[in-house]
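Multiple structures follow.
The same chain A turns up in both complexes below, where it pairs with chain B and then with chain C.
So, the complex of A and B:
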């Protein structure tokens, strides 16, 4: 087992709203190992992005607040760190790329300018001449053709895929240990998505960084991740290595999610059946039912799930395969 | 269901196998520039597209963003006025109809949009939203009849009756898409253009909406043009699939044929790029280099040649004509995959 570089323990993130407090992330724990990719999967509103922002301590406060838990980066608790120290880690040791490459680049600066800014902030011993060389080198590394020319262009002159490459170049400028990718390919076309995923894999091999891949696309998870955590209503409901989750999902939600994808498979029987679905909708975080949050949509739900036994917590049912469910799939 | 007298004329006129035949459709958007505002260039968003859809079938239309899928869908309904070409709907050339006749025709051709958040008026109740198309087309005029129709529509899309008095913001994304579907169904259309109807929805809700669309198709004998970039969804729902690249349909075939053995290299690359939700399968992936070229200035010859690994001199010179692999499988490529 390689080195553990990030350990998140019982993270709770709450938001104050006009209608009271909601718990967007509720007791999430996970470990991240050097050179490995952890996929966090879930539907919109499940708390994936909030978890990622919490690791970076970028939760807007107010209204948000990390109310309890620990985030240990190489044994150091990031939540106890002063803002000054945090700034040295953010962007330097832990970097993040976002879903919308259009809105996360500043339209009035050249991309070269924006890459240089990262280097200038975190590595003050690099001269301005070297910064430019380094920036061009980074653009080359992420596969941007004629980087010397592109370096002086503005974001609007680049395509979506190219902008996401620039974002990756910026996030890699300081050779981070951890890269958090929040839906990095959701806004891109499939052929461009394939390019970007391939690029991320290649750079991970070269630089040995760990990646947290946040996505709702189970296909992307299957192709890129080593471990998977499934989130539902702010909680992690299942956590294991990739194969176990995909081949033997234990939580009824994971099972439903996997079966509701129309599999692209040329050998499949072409008689068109209906897609298996998960009935109902994700409940509102304002009025979660007592017990398991998934009970109303679950085929296995029993009295235990409706609060009789309290809230389900993650338990290992097989080595390394944890699930929080009273009536798991068998 | 009640009968519509005026539109019945069209219906009985021609009962050919095809409900829609698109012939050489072109949509060119001019680009104006300079101080005089002269046309300096143009974008051929849809470039000489020909295809047809049979009654009761679903034609899937796939392609990357900017390839002209949406423009094609809208030009068929004349929400965008096509530059040239023919759109034959049940034997009538839609592009030649006057405004009044067109309105009549639109009753039979409806559209479902991608974004259920943007396509419902936030100030109108669901009742008012569903009522509007009925009012415009003068259908179900009696009060009792109208009310019965509204309930029936909600029933089609599995929404509760009390939804009529609510506003769009009270519904989730999946429910709003159901409302959009109900609105499209209100006027008893025969043909619906579904423009990325499930792209904005979560996976579990997406499956519900896909099932709903398939059930409704069976029940109401609808014909769909299903535009999407998600190839898994398209394969699932479509009888036939058309692949677009830079304004042209480059391949069209039965769903099984195209997914089993496609001929156009672009189709192959597109399918190989889909992330497979099965970690045990190690796929051979074709990574396309570069981006889609600008439609303002497409490369000479086959538009795909700069990204194609099979391209030859010939591909750089002339745009390939349509070839047939079988009666139901057409493609435009000089060096097809064998």
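So, the complex of A and C:
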């Protein structure tokens, strides 16, 4: 196994609202290894993005707050680090790309200017001419045609895919150990999605960084990830390597997700009919039921799940395959 | 070697294609297409030039010299007539430009600096800081503005510096409000979050990333503040609280109180016209700047 670069332990993030505290991320733990990609999957509001922001300590406070847990980057707890040290890590050791390339770039500066800013922030010994050379080189690396020209353009002159490439170039400017990609392809159309994912894969191989891929698209996960963690209502319900999760999902939620993907090949899905869905709605974070938060939508739910046995926690049912369920799929 | 090549290519490509346009370049071009805006800019430039020339002593340096009899009406000799001491009204009007432009510029600067700083800090940090600043500017704006001006002028004594400060310290509230709202709107945008994600602190996020995005509001406000200040200086001088010992349009209009009964209209006319023209020019420019800089009005 390669080097463990990030270890998140029992992370809890809460938000204060007018209707009381809600726990957006509830006891999430995961490990990230050098050169590997971890996919965090879940639907809107399941806490994926909050987890990602928490790793960078970018949770807006107020109203948000990381109430407990540890985030160990190379053994060092980021949550105990002073803000100054944290700023030196952001963009330098841990970089992030956002969902909306349209709005993540500052509209009034040229893209070159914005790439140079990252370098200037973290490497103060680089001359301005070297910064420019490096910026153009980065644009070339992420596959932007005629980078010498594009370098002086403004974000509004680029297409969505190009802007996401620029965001990737910015995030890679300091050769980070970890890249957090928060739904990097959601705002892009499908052909561009494929290109961006391919690019990220290629750059990961070149630079050897670890990626946390946050997405709700299982197709993206299958394409890019080594390990998968499935989140539901702020908790990790299943965690394993890609193959096990896709071939033998243990949690009924994961199972439901995988079955609700339409299949186009006729051999696999002979029976015509309605696409299976997960019945019901995600419960409100304001009043989660006692026990498992998936109980109301679960076909396997029993009395155990409704609070009799307490809250389910992650347990390894197979080597490296953890699931938090009292009645897992078999 | 490779770097040199890239740079070489960069310059070649750049010279082939025109450099891409920023928001400001677009705004400038759209301003240049606007005929009234161009005329306004020319008028303002002429006023500024006159103000500079009088300050340096090239123009109207001898405004205090007697050039004719008392209250001589406009003639070929003295185009705008003379005042009670037989001084040229023309020269006084030109010399008055100096006061007007300096009051407009310095006052607008003071108000922009205070308004932008307080507005930005209050909008960005929110919470207690915001409450304090909002409390502060609500208090300032609840005091009748002429009363505050009179009070400040009495504390600091009469003179140009008091006029700058009195006007500057009372005119920042509206800009502060607008900037506060704009910064609030921008601070949760993703590009600000992204600036945090590359390791930028609060200061950098606020002043390097957000402020340039709301700068158009500042520029429009500056132009409108400028002319408000010119008008206010005239009012102050009219109330006898303005500049002393040198001509300003306000003191000229103040003099006209007594002159009009004797049928002497030219001093009033000269000062009013001079003020009218620049205030109008600034108003039109402010409007055109809004058209050019406000993205919502683009492409209409």
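The working rule: the second predicted complex is superposed on the first by the 323 of 330 C-alpha atoms of A that agree within 3 Å, B and C clash if a C-alpha of one lies under 4 Å from a C-alpha of the other, contacts with A are read in each partner's own complex, and residues count from 1 in each chain.
In this text, a contact is a pair of C-beta atoms (placed from the backbone, for glycine too) under 8 Å apart; a residue touches a chain by one contact, two chains touch by 3 or more.
Nothing here was measured: the structure is a model prediction, and the numbers come from that model.
Clash or fit: how do chain B and chain C relate after the overlay on chain A?
With chain A aligned, chain B clears chain C, so fit.
Now for A:58: first (chain B), second (chain C), both, or neither, which partner does it touch?
Touch partner of A:58: chain C, not chain B.
Kindly classify A:167 by the partners it touches after superposition: chain B alone (first), chain C alone (second), both, or neither?
So A:167 only meets chain C here.
With the two complexes overlaid on chain A, check the angle at chain A between chain B and chain C, Cα centres, nearest 10°.
For this superposed arrangement the angle is about 80 degrees.
Could you look at A:103 and tell me whether it touches chain B, chain C, both or neither (first, second, both, neither)?
second
Where does A:219 make contact in the superposed view: on chain B (first), on chain C (second), on both, or on neither?
Touch status of A:219: first partner only.
Determine, under the contact definition given at the top, whether A:261 touches first (chain B), second (chain C), both, or neither.
first
By how many Å are the closest C-alpha atoms of chain B and chain C apart after the superposition?
Closest C-alpha pair between chain B and chain C: 8 Å.
Going by the contact definition given at the top, which residues of chain A touch chain B in one complex and chain C in the other?
none
Flag every residue of chain C that touches chain A in the complex, lowest number first.
3, 6-7, 9-10, 13-14, 17, 19-23, 127, 188-191, 193-201, 208-209, 212-213, 215
Could you pull out which chain A residues touch chain B in their complex?
43-44, 145, 159-162, 189-195, 197-198, 216-223, 242-243, 246-247, 256-258, 260-264, 266, 270, 272, 274-279, 281-282
Mind listing the chain A positions that touch chain C in their complex?
56, 58, 60, 62, 83, 87-92, 95-96, 98-100, 103-110, 117-118, 121-122, 133, 136-137, 146, 148-149, 151-154, 157, 167, 170-171
Within their complex, state which residues of chain B touch chain A.
Answer in residue numbers: 64-65, 172, 174-175, 202-208, 210-211, 214-215, 229, 231-233, 235-237, 255-256, 259-260, 269-280, 285, 287-288, 290-292.
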